[in-house]
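Two complexes come next, and they have one chain in common, subunit A, joined by subunit B in the first and subunit C in the second.
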Partner chain A sequence: MNNLKLIWKNAARKKLRLFLTVFSIFTAFLIYGVLGGFQSSLDEGIDIASGANRLVTVHKVSFIQPLPYSYVNKVRSMDGVADVTYAVWFGGYYQNPQQILAVFAVDPESYLRLYSELVIPEDARKTFFSDRRALLVGKKMADRFGWEKGQQVPIQSNIWTNQEGSQTWEFTVAGIFEANDPKIDTSYLLFPYEYLNEGRQFGQDSVGWLVVGTESPDINTQVADAIDLEFANASTQTKTDTEKAFNQAFIEQFGDIGLIVASVTGAAFFTILLIAGNTMMLAIRERTSEIAVLKTLGFGNGKIFTQVILESVLVTLLGAVPAMALAGLFLKGASAAMAGILPAMFINTGMLVKSAGIMLLLALVTGIIPAWKAMNINVVTALGRR
Partner chain B sequence: MAIWNETVAVTAMTVKSLPQRIWVAIVTLIAIAIVVTVMMAVLAMAAGFDKTVAGAGGVDTAIIMRAGSQAELNSGLSSEQINLLAEAPGIVRVGNQPQASPELYVIVDGIKKSTGLSVNLPLRGMNPIGVELRKDVVISEGRMFETGKNELVVGRAARQQFAGFDPGSTVQFGKTTWQVVGIFEAGGSVFESELWADAKVVQSLYNRGNSYQSVRALLDGPDAIQKIEAYAGNDPRLNISVQTEADYFSQLSKPLVSFINGVGYPLAIVMALGALAGALNAMYTSVAARQREIVTLRAIGFGGFSTFVGIMVEALVLAFAGTLLGVMVTYIFFDGLTASTLGQTFTQIVFDFSVTPELVVQAGVLALAIGLIGGFFPALRAARLPVVDAFRNV
Partner chain C sequence: MTEKTLIELDHVTKRYTRGRDTIEIFDELTMGIEEGAFLAIMGPSGSGKTTLLNILGGIDSPTSGSVTVGGQRIDNMSEGALSKWRAANVGFIFQFYNLMPMLTAAQNVELPLLLTDLGRSRRAEHVKTALNVVGIADRAKHKPSELSGGQQQRVAIARAIVSDPKLMLADEPTGDLDRTTAVEILEMLQLLNKEFGKTIIMVTHDPEAARFASRTLHLDKGHFVQEAAE
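Let's look at the complex of A and B:
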């Protein structure tokens, strides 16, 4: 009998117990995979989506306050600034008020220059630059609503009333954009600022925030400080930060909820592992006399030690690997089904490495004590116990 | 009667011998306690948030905003509209004065004490009538702001969670400096997360001219909402929506509450399955450990039924003890725990975790189910142990 077969025979001697142990490991890693994957996707999403040399300038009192349009050109002429674009939050919803969409009114050309990671078909780009009712739709949103190029889409705004006194604004889908990295979230919509600015009843010639491209990420801080200093004595003061810091600060505002869910489930994860580990140790302890027999037959100490450890590894992997795979599938499905509500979710490399580490740790912790004991079994005492 | 006596005897024996299998018992107990704790902690967060937000609104108060705006933050009402609304039917009048409060709702930056991070705080601008309308508001320290001055009163919860809001201190928003003159309480509702100041001062700081964002009005009867709607429907200048404050706040709390519940329940069920597997393993081990004892009983004439009940009772006792432990831990560590998060209006909402009786019942049912299933199959095995084989194997 070769080693692997012996290990499997030992692990599976009580089928029901093996199944139950594997199952509880499975549930623990499923929880870890889904919640941990969600968390790390959020973090990584911010990382990739934030341009290294992009700064965001908002009104100092709060980001809901508009900035005067004149700031765009003032910032553009400053040292270290390569490009400037601007955007306004449209407060859009589709069909019913609960179905909130991320819709931004932007300056088409400069926006696409600064967000060069967006991949847009050439004809869609042209329409976006020339037709002010053009709507660029992120791939995930197009999938969610089944929108196609050329389709008329009415979107309502909970902020902006148009000249007809209506909250409903008409758009034509100019095309669908993707990002050059599938991990970048594309669940938002873009349309030309001019359409909003000429159509809205109040707030003309103001913008929501500026996005500033610096000449190099190394001078981000200097440029940010220079912008805020420039407007320090103006009636509207600004607050400039890197795009990453800005996005992070927003996510972190959810704060306590994420922290509490994470710590509670973390505790649960380790407890389930503890319970499973306990059973695994028990399963090996029961076999003291058999191990003594193996030793009598001439199995070396090292070989017995390795066998017991490998048995733990096997049981752990049987539960954990399918769990992580299922968690990955679940995250993919959930982010497709809830595009616009949840970000792009996936199990990234960092998560894989971490989960592999935890698997190994579990296998070692549960294996090492019984393996050590098995190795040091005194044949005479063990067999004589009966 | 014999079967009753037998069952009592076996059960007593089982429970008394529990300490001998202490590790198995502890594992089962902890597994169940953890399921109970996690489920209750997560759901107590949803319950607490709902209580704070949805509980803030009265059914006798209407909130009037621009149509389609959904939240006060997005809304805008001109001074003309405010004046028209003051004439609306359905609003309680004291003397000639309509009990209606035009208000502003804007965001200012604050610092969260626990993390030192910058957060969005709601600043509400209102006239003295706004305070009169909220009957459960009391100034617990200092005094109310005075009209025309850069003075703030701060909600109890906001002061506790965010830095720099003790009475007497000054805060800077952009270029303006504000004096904190008092702390108010509002029955633990979402209003306690807010800062309040004089409407005129907020209007000038935010370049809002004479405009407001919402009107709160005391309703004079159950059909008052319809009266106001009919009145607005006849006047094209009044492009507004009217709803009771209770409806408004429950709609604001719904997305987050259903999100937390949507995470919490599946999480609890998956964990319960994992714990059930652990409990089954433990109970099978326990039956195996007592094999000799069980078959001895059977050999001297005890029936399978009493053996079955004995094991079941062990599982249920452990499930019950686990529930008790879990509920205790949740009460001690989570009930009343204060947290804050970003609400639907892009501002921080401070809320307390709330362990409600329904949650205790739900967690208890789940734990009981683990106990029942976790006990049933091992008990069945024990009851069916063939006496002769078992002796041979021991």
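Let's look at the complex of A and C:
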């Protein structure tokens, strides 16, 4: 036996109580791991995917309203603008409406100039520039559907009907693209704007949004203001923001995810604090005479205090570590199932460090009062030795 | 041969305050106990027997006066120093054994050794020896709930001797046992006293138990009133 085993024996003496406490902690950390991982993945995805000098210009009323194609060249000629590209949301799905895909019709050359983080084989790039039906497939999507270069892929649109009156659009996979940072999401598809613009039955010569590359991130605000000012009196007014702010706002249309996550996990942890704290207090109260015996045998106050704190740490880790591992697996599975709808979700290093901090804090907060009480048990009183 | 004094109490006073009342347990108690003695302390309830044992074992402190054990004054030691001192010098035996219910007999005996620098194998050797001395090695892997009262007390005695202390303090060690088992336990204490040289101070209500000691002191209202010797 050693001190650690003694601590374990103490923690495990009431198996059902240990199980229930550990399960409560497990549940709280599972909630935290899944929701926190989801949020941090979104935040990190936004950070990584957002170019420092990229702005996004959308319709002032709503980003689902189109902008005139003519705005592309107007913006391109403005001071501080290094490059402009544009994109249209295709509203695609594959085989059935539940299998939603992120598909964008883009201007091939300017898009790839501005999104230089995308790594594309040279032959795929050439095909993308020359073949209107070329489909550039993100690595994750290729992995998901097993698509290969040269494969014919029919994709349905829930927005755009083609000249044949069909919502099914035929594409040929031009190649698979990756990103220079593995954390950058590649669960989407790109095809040339011209194919959509010429083929669709309505909305010709309109684009969904502009992506504006500025000459320097330092002038982002001025350029954004200048763009919106340029179209302030036009029939279609614009709203320009940094790509990061745009992505953030896009995510927040579903709700203040940060607040939701903080509220839910906060409530879970607060409950756990009460449950685990109360359980520890109860456990120590039940062991008053045993602690007194240990003190009689020569276990000093520091040792008693440390043992109770370590017991609290042990119980917390027993629940929290498997919960975080399961949350990681869950996020991985959810990412695979929802590729194209949500960015890749995972528990990143920051989240792991944060969760380790919460584990430690929870263990200390729930353990410190029982430890203090245990340390201050009066042997004479506890053993009724008077 | 001159007997060496192991314990010296010099004008020890002990008072408790309960509410507005001050209860005096001892007043200026002075006594000496020789090394190797087997001393029984008898007396009515509330006479201060257990308090005296607590003071000798360093788990209670006198209100005034000095307590010296093995040449070391323990009445003015810090709590941390007293813990270390107890671990090294005193073995306790309680009336209700006070074993840890979730530990086996061997693990219970090993507890005091966790405070030493001994490695695992050395600790195991000491535990085995202690269990052999008290004749309960065959129950080493049993938990207290699987042992009889006498067996539990043997385990408690093994725990008290495992770190080889000079002084053993026993508080009603046979108070919860039947006569036959009580005699076995008392004979064992006698053996530890005679063969292993342990100084044993035993508090008891039972005159039969006190007969196993080499000397008996009667405590009443904080004073020794009469001494009986075998």
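Basically, the second predicted complex is superposed on the first by the 358 of 386 C-alpha atoms of A that agree within 3 Å, B and C clash if a C-alpha of one lies under 4 Å from a C-alpha of the other, contacts with A are read in each partner's own complex, and residues count from 1 in each chain.
The definition used in the following text is that contacts are C-beta pairs under 8 Å (C-beta built on N, C-alpha and C of every residue); 3 or more make two chains touch, one makes a residue touch a chain.
Computed from a predicted structure; not experimentally measured.
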item	value
First, second, both or neither for A:G302, with subunit B first and subunit C second	second
Greater subunit A contact set [subunit C / subunit B]	B
Which superposed partner A:T288 touches (first subunit B, second subunit C, both, neither)	neither
Subunit B versus subunit C as contact partner of A:Q65, first or second or both or neither	first
Which superposed partner A:N348 touches (first subunit B, second subunit C, both, neither)	neither
First, second, both or neither for A:N162, with subunit B first and subunit C second	neither
Subunit B versus subunit C as contact partner of A:P97, first or second or both or neither	first
Footprint of subunit B on subunit A - complex, ascending	16-17, 20-21, 23-24, 26-28, 30-31, 35, 59-65, 91, 93, 97-98, 156-159, 161, 165, 167, 202, 237, 249, 252-257, 260-261, 264-265, 267-268, 271-272, 274-276, 278-279, 282
Residue ranges of subunit C in contact with subunit A within the complex	16, 50-51, 53-54, 57, 59-60, 79-80, 83-88, 92, 94, 98, 100-103, 107, 110-112, 114-115, 120, 159, 171
Residue numbers on subunit A that touch subunit C, as the complex places them	1-3, 6, 9-10, 12-13, 289-290, 293-303, 379-380, 383, 385-386
Complex contacts: residues of subunit B adjacent to subunit A	23, 27, 30-31, 34-35, 37-38, 41-42, 45, 66-71, 73-74, 76, 106-109, 112, 115, 117-120, 173-175, 205-206, 239, 255-256, 260, 263, 267, 270-271, 273-275, 277-278, 280-282, 284-285, 339-342, 346, 348
